[in-house]
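Have a look at these structures, which come just after this line.
Below are two complexes that have chain A in common, paired first with chain B and then with chain C.
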Partner chain A sequence: MAYIEIKDATKWYPHKSGKLRDIFRKDKSFVKAVDGVNLSMDRGEILGVIGESGCGKSTLGRMLTRLEDPTKGDVLVDGVSTAELIKKDPLKFRRTVQIVFQNPFDTFTPRDTIQKILLRPLKHHKIGSSKEERLEIIKKALEAGGLVPAEDIMQRYPHELSGGQLQRISIIRAMFLNPSFIIADEPVSMLDVSVRADIINMLIDLARNHDASVVFISHDIALTRYISDHVAVMYLGKVVEYGTADEVINNPKHPYTKALISNCASIDPFEELATIAIEGEPPTPINPGPGCYFAPRCSMACEECLKKYPERYEVSPGHYACCDRIES
Partner chain B sequence: MKAVLSKCLRAFKADGQLRFGVIGVIVLLLVIILAPILAPHDPYSYEFVRLLPPGSEDHFLGTNHMGQDVYSMLIFGVGTSLKVALISALISGALGVLIGGLGGFLGGWVDQVVSEIINIFLMIPTFFLILLIISLFGNSIANVMIVIGITTWPGNAKLMRAQALSLRERTFVRSAVALGETKTQILFKYILPNGIFPVVANTTRSMAGAILTEASLSFLGLGDPNIISWGQMIYQGKSYITSAWWISAFSGIAVILTVIVFYMLGDGLNHVLNPKYNYGRSK
Partner chain C sequence: MNTVLSVQNMNVTYVNKSKRVMAVRNASFSISKGDSLGLVGESGSGKSTLAIALLGLLPKETTEITGKAIFLEDTDLLSISEKEMNELRWKKLAVVFQKAMNSLSPVHRISTVFEDIYRVHEPHATKEEIHAATVRLLKLVNLPERVYHLYPHEMSGGMLQRVAIAMSLLHSPQLLIFDEATTALDVVTQGQILKEIVQMEKELETTRIMITHDMSVVSSSCNKVAVMYAGEIVEFGYVKNVMVHPQHPYTKALLKSFPALKGEKRKMESIPGFLPDLSKEIPACVFAPRCAYATERCRAEKPLFHSREDGSGTACFLTEGGAD
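Showing the complex of A and B:
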């Protein structure tokens, strides 16, 4: 059985028009941020989640860490529901599941030094028995993460450090708790290209050497391909294609994935790419459907597509796509 | 501890307003401590030389209609003003921070209830309420302080609520949740420390307001009659304003100076308590 199982995870936000009739209306409308996502992961696996902004990637990430409760569905870690885990022992759940946020400049309280910030989770989770021991742990971890001189960094305030340093500290802090499931919510999108590699390598090291499952949320397709074992493509709250990274990138089946990948810049400037243009904005996630959510913008859409949401097909072993019009 | 001290010193050197405010408060405190030495007369003693103009021998700011020495009264009035300012501002600050912080941080129905309570308090004409309570429960100085405190907290609460509302969406609060910290810990370690500084600055300024309110109450004859306060002096001098201006004038100047000191302190604190404050260095 898979280590992490995401079962029909759904997050609907009630949509308010701000008018008085909201109160009396029975058929409430919802923003379907995440709409029935099914995924599974093994230990030590990196799952890349890609999609354009607003497709529910970050909401999915927050749901996995239980920063938000799902409207429907559940996430199982090692066969146990996270809802139960967090009720039974919230601290243990937090030690199991950790998140690295997108904005490193805002991940730490601006009023405390790095030392204070890093001491807090150690104390809270009773790691190390004395302050001296905890300081020693922090120092070692910072040095291992390439943040030298550690003593100097520990005395600094977050705004005195660079984004790359802060993001490394953020990962180090998550690693203190020795988590087995890590969500990285666009961890490098706010960093310079030059420091991205460090962060990526830290995450890969986490998965490979600490046997942790990593969800890597990103909109950078090339990067996702490099880091992940499997890739899930999201569109408007649903996973439209899932498979191994190479398979999905090299042999995309869903028209949305095809369009995404065809628009991805190649390193070879002379390579001819037939880009597939998608017209229009993504439709609003307020009560979308019926029919395929992508149909209004899809180049291959036909009448059938507008009637019911397509089923999930296994294109090749382990490679799934949600489209009725896949040419085999 | 040493680091904190040196930082205070650097901030003190760099910010002119803070320097003015701190020195002003220290002077006021010294005046309170040294009052018996500084004042040449007992402000409660009544002499026969009444309505003596300033510059007279022995009473250089003159005397009032009861023959009390105006200068000595001013000196002893500092204590009253500072006491009123501090205690009422503390009450107002503590109430505002806790209620506003809770409302903004917890959100949902708690926030709605808190917001409505704040709005109700903001709607009530404050000064009228103060008058009402004072006339109902008597005009002791303790009553005055408490009443000023519980009528001025909504401003602080609104500030704190807005801060908490925006802070709880910040990544560091979310990451604290993800690290397993409890709601109480987050409120006291992240929301309050990061959101309290506008309130601190506002509270220092509302100290100035409290001094003025106490003066206004005394001016209307609702102050504590057993205590010497500047407002009381202005009130008493009112009837003699055409013949003996010095009774009201000097106490009025004293009120203005003290208010300015607290304003400066509040403003200076507001600058310096920002962690990104660069101590006068250019960017």
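Showing the complex of A and C:
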């Protein structure tokens, strides 16, 4: 059985247009940020989630950590519902599931030193018996993460460190509690290219050597291919394609994935780009449908597509796509 | 060749009471009509400073600019007065910034903004005239005509960025500067806008400087590239040469830190170390502390920029002989 199971996870936000008459309306409208996502992960697996901004990648990440409660559906860790886990023992749940956010400059209290910031979770979760022991743990972790001299860094304030250093500390802090499930929400998009590799290799190491499951949320497709074992492509709150990273990126089946990948600029100047244009902007996630959400922009759409949401097909073993018009 | 812009020994220094930060040092390059130059480097490498200094947008009290930037053979952008600069802005050179959402007035319709800018250089233009010119440009960047009457908040980021690009083309400038103009956009939108820009350039014969930190943007939309590190141009050349056979160790390292979308997966490597402190004079190669190939000479002496006949070249002792 899979270690992490996401079952029909759904997050609808009530949509208010700000008009008085809405208060009395029975048929409330919703922003369907995440709409019935089913995914599963094994231990030590890295799952990449890609899609345009506004497709619900981050909301999904927040639901997995229970920063948002799903409207419907559930997330199971090792067969137990996270709703139950957090109710029974919130500390234990936080020890199991951790998140790394996008902007390392906002994740830390600007008024505390790194030492104080890192001591807090250790104290809260009662790791180490004395302050000296905890400081030793922090020092070791910083050194293992390549942040030397550790003593010097511990005395600094967040504004005295670079984005890459802060993001590494952010990952170190998440790792302190030895979590088995980590969500990385665009961990490198704010960083310079020259330091990205460090963070990425740190996450890979985490999955391989600590047997943790990592969800890597990103809009950078080349990077996602590099880091992930499996990739899920999201569009307007739904997973439209899922499979192994190489399979999805080299052999995309869903028209949206095809367009997304074809628009990705390559660093090879000789590569001829046969881009597939997508007409228009993504539609709003306020009551989309009833047909395929991508149909209005899809080059292959037909009448059928506008009527009902397509089924999920297994195009090849382990590779799924939600489209009725896949040529086999 | 008609040279559009020729920058010679340009220096930009930010000055305050305690420090002098040399953000751009000894930059020299030239671009000809129809060229598109990608200016790449990490954040803090001085690429935006270089472009903003060319546009004369840096505050006079806190910056010192020396050197020359000959624009269209007769004007030196770095020494002309504010009044002369105003004559050039929009008309001869225009800029598109990263966040178009922030550069458009939220309380005016797009039409008002376009009219204002159009009348800077054509004070007696009629509304119809401006409308016609604008609609043509909006079509060029794939926007519907109705955009003309919208407010910025009614549009998405991609649309606003297109509006900003259309606006920069209003007076068909000879030189366009894109300062991270596509960075904040989604992959699909970025891909489309880049394609439109390249297409548009063929029609209008404009010259473009594209500031970005994304190598893939440069290779898909530019023909020349200048790699900046710590305020210096360390490599300059044609995209088709530099991207495939980078000469300077920094360019090599930078290209290695990008994962490829297709083909074999190779290990991503980061560049160890940090940018040097730019407020101090650096008598040696700026990249030597982080360079894997640095020799004693690199740490003691400053390599000069060696250019070949076509203007391409590097600032590195290791590539001086010409061979790799």
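The rule we apply is simple: the second predicted complex is superposed on the first by the 328 of 328 C-alpha atoms of A that agree within 3 Å, B and C clash if a C-alpha of one lies under 4 Å from a C-alpha of the other, contacts with A are read in each partner's own complex, and residues count from 1 in each chain.
In this section, a contact is a pair of C-beta atoms (placed from the backbone, for glycine too) under 8 Å apart; a residue touches a chain by one contact, two chains touch by 3 or more.
None of these values were measured; they are calculated from a predicted model.
Q: For A:Ile137, decide between first (touching chain B), second (touching chain C), both and neither.
A: Neither partner.
Q: Tell me the contact category for A:Arg111 with respect to chain B and chain C: first, second, both or neither.
A: First partner only, chain B.
Q: Let me test your reading of the model: by the given contact rule, A:His219 touches which partner, first (chain B), second (chain C), both or neither?
A: second
Q: If you stack the two complexes on chain A, which partner ends up touching A:Ala277: first (chain B), second (chain C), both, or neither?
A: The second partner, chain C, only.
Q: Based on the superposed arrangement, let me know which partner A:Ile326 touches: chain B (first), chain C (second), both, or neither?
A: Once the two structures are laid over each other on A, A:Ile326 reaches no partner at all.
Q: Using the touch rule from the top, collect the residues of chain A that touch chain C in their complex.
A: So the residues of chain A in touch with chain C come to 52-53, 162, 192-198, 200-201, 219-223, 225-226, 249-250, 259-270, 273, 275, 277-278, 281.
Q: Where on chain C does chain A make contact in their complex?
A: On the chain C side, the touching residues are 42-43, 156, 158-159, 186-188, 190-192, 194-195, 213-217, 219-221, 239-240, 243-244, 253-255, 257-262, 265, 268-271, 274.
Q: Once bound in the complex, which stretches of chain B touch chain A?
A: Touch list, chain B to chain A: 170-172, 174-181, 185, 189-190, 193-194, 275-276.
Q: Touching residues of chain A toward chain B in the complex: what are they?
A: 62, 65, 67, 90-91, 93-95, 97-99, 101-103, 106-111, 120-121, 124-125, 157, 159, 170, 173, 177
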